[in-house]
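What follows is a pair of complexes built around chain A, which joins chain B in one and chain C in the other.
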Partner chain A sequence: MFDPKLYRRNPDVSWRLIEGQAVLVHNREGEIEVLNEVGSYLWEHAGEPLDGLSGNISQEFDVSREQALRDAEEFYQALVASGALQPFNEK
Partner chain B sequence: MATLLEELFAKATRNSHPIFAMFELTYQCNFSCRHCYNPIARKNQPRTGEAPASTRRPLDFSEIMGLLDQLKDMGVLYLSLTGGEPLVHPRFWDILAAAKERQFAVRVFTNGALITPSVADRLDEIGPHCLEISIHGANDATAEALSQVKGSHQNMLKALGYLKERKLRVYLKCTVTKLNEGELEGIKAISDSFGFPVFFDPVITLSDDGEEYPLEMKASDEGVAKLYRSDGINIGNSPFEWEPGELSCTVGAGTLHITPHGDVQPCIQWKQPVGNIREKPLKEIWSTSPVLEEARRVAREMPMLIRKGTKDHAFCRHCPGLSLLRYGDPRRLEEQYLRVARIKAEVSRNEAIDK
Partner chain C sequence: MSGVPVHLLDRLTERYSPFLASVPEAHEVALEAGESRYLHHIPGSLLRLEESRDDQGEVLVSHNFAARRAGNHGRLLLSAPEDAEDSLMAIENYLRWTLADMALDHGGFIFHAAGLAKNGSAYVFFGPSGAGKSTIVSLSPGARILSDDLVLVLQGQSGWQAATTPFKGMFPQGAKDRAVYPLAGLFRLVQSPSLALAKLPVGLAVGMAMACCPFVSDPLKRHGKLMKLVEQCCRETGVSELRFRRDSSFWNLVER
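On to the complex of A and B.
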């Protein structure tokens, strides 16, 4: 189970919402990620309880709440793997 | 084929969402480059008139913080800190840290001469997106002839070493001049030895106040041709130069520029002030300025202007800001771009014949 309270956006990742999509620039690695609409929503609300986020996604995108929760967890795990999110105790 | 990111940036530009901003922290500089466009008088620059004496107060730190907040609110992602030499600004470190805190991808344009091991440590600690460093030649004599500062080349080389040790991202930028046009391979070899890409720009800009003395440093036709005959050479002014679809310039739409005094300009080259952040919010300037609207119109017309302006249109670029400065007409193609297009066309034809 992914606990959003334990993670934060990596301060070395610059980002902006551009035309509704989050563009993430990994300053150290030089890589750029462009998130889709749902991913951008989750990125903007990183750190917030997954229950609420998945509920909103479920309403907005015609997907079950359970599925939305699983997808959100998977998405956040991928962001941890890419370094865009990091545990609070890391520099 | 355009990448997802390029498509997104092109869409943003069509909707006048500025992604890039350039902030000149100061006009002060520790170099006196012969080809510099900076409006402050440097030694040995053959001006025809007096340099403009500015009695205006530069933005103070709190005004700069307000500017950064506004740029963030407008959705700017890439922020270039430039000058003059940005490292001579007394609050450079605070400004860099504040920009990073506001999640900008910060590009620092510098001549590198002030980068010591401790400066490199601070850069590493704060973590800008990249440093873009001017390289003037392949040896001390050429570089110092352009910078007019003894030791400039060696200090820059030391800086590259410190930055490489810390794995910071560096792009080298070389304006091709008559003094260094014979050293392009040597300059490329230096960049390769550090593993930093180098970008060669064959176009020299006028002084910001319209004086033409920097053009005395223009490379010869043969020097420019050599650039286009060489393999594996990056041409342009940075890796961030991109062409969004039909547009070949993002002036007034995807980019904006702020001077040390808070004047807002369409870009670093289009010098017409469109407002000042002390007088109006940046967003209001951006959305209501007739000059910016005109700049956007010119950018949209650009493919047509180029097609009509030269038979070498397939090889031509256009900088409306430089044309405005030089001729008072942003639609008129500028002589250097026409010359580069003619040379590129010749090189291309000769290469086709050789094959």
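On to the complex of A and C.
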């Protein structure tokens, strides 16, 4: 299970929230990611407990809490793979 | 620019002199002979440019030059000053690098895009390599080419503007002089069998536009400032996705 407390936003990623969409620029690689509404919400709240986040997503969108939790975990793991999130102990 | 080898003077004068100005903000660069090689470069591969910063300023290194810059002054060390093409390419890259930061300091940015002017307005077309920037230029014989490679986007008193740059692209510019036009629109290119224009959400537009800003790999930490400007420009000018086919009919959509 993904533990959000162990990860943080990579300080080498510049980002802005624009009309509900988070735009991420990986400073070293020059890669750009544009997140959708749910992804942007999760990005903004990275590090917070998944239970609360998935509960909020479940209320806001037509999706079960369990599905929202699975999606959030998968999404955060994708962000770790892309380097947008990194473990706290990594510089 | 000082220390220019004699055999480069005519070439440099032809390309850049209309863009030089003796104003306090002007940049001075001294050319010198450097080491025979800096970064390793595999022929046919993409040119590598590595930026860094130390306590003396900013550094840019490629395979055939190394440059250091501090404020309005710089040094450019050429690996092969006797080789005109090699040296011109190094000088061009130094100027692109420097213009990118000078533009930011003046509330603008340079954009990897094709810029065309028609009926007094500028239209800027962007996208990744292969999106069709050169194609758009070739399909627009009646338009003035600002650049088919790098366009300078600036904030003017009455709105955003697009300006010519001296940088070498595939097409000759209509005139080698400085010219600025009000920016009528930004268009993300998609080659398609059909013609269509659709406005992009600002967030997506900013992401796509940022990907087309040179020096987007950013050890010099210019992204915060750049992203704010790009967002402002996208918001105020509007960005559309242009699906176009290989004829000039797209002008009927973009000029509306």
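Basically, the second predicted complex is superposed on the first by the 91 of 91 C-alpha atoms of A that agree within 3 Å, B and C clash if a C-alpha of one lies under 4 Å from a C-alpha of the other, contacts with A are read in each partner's own complex, and residues count from 1 in each chain.
Note that contacts are C-beta pairs under 8 Å (C-beta built on N, C-alpha and C of every residue); 3 or more make two chains touch, one makes a residue touch a chain.
Quick caveat: nothing in here was measured; it's all calculated off a predicted structure.
Visitor: Which of the two partners, first being chain B and second being chain C, lies in contact with A:27: first, second, both, or neither?
Guide: Both partners, chain B and chain C.
Visitor: With both complexes overlaid on chain A, does A:18 touch chain B (first), chain C (second), both or neither?
Guide: So A:18 meets both chain B and chain C here.
Visitor: Counting only touches as set out at the top, which of chain B and chain C does A:87 meet: first, second, both, neither?
Guide: In the superposition, A:87 contacts neither chain B nor chain C.
Visitor: Which residues of chain A are in contact with chain B in one complex and with chain C in the other?
Guide: 14, 16-19, 21, 23, 25, 27-28, 30, 32, 34
Visitor: Which residues, counting only chain B, touch chain A once they are in their complex?
Guide: Residues 4-5, 8-9, 11-12, 15, 17, 19, 75-78, 100-101, 103-106, 127-130, 167, 169 of chain B touch chain A in their complex.
Visitor: Help me check something: in the complex, which residues belonging to chain A touch chain C?
Guide: Chain A reaches chain C through residues 14, 16-23, 25, 27-30, 32-34.
Visitor: Give the list of chain A residues in touch with chain B in this complex.
Guide: 11-19, 21, 23, 25, 27-28, 30, 32, 34
Visitor: Under the definition above, what is the set of chain C residues touching chain A in their complex?
Guide: 201-204, 206-208, 210-211, 216-219, 221, 223-224, 227-228, 231
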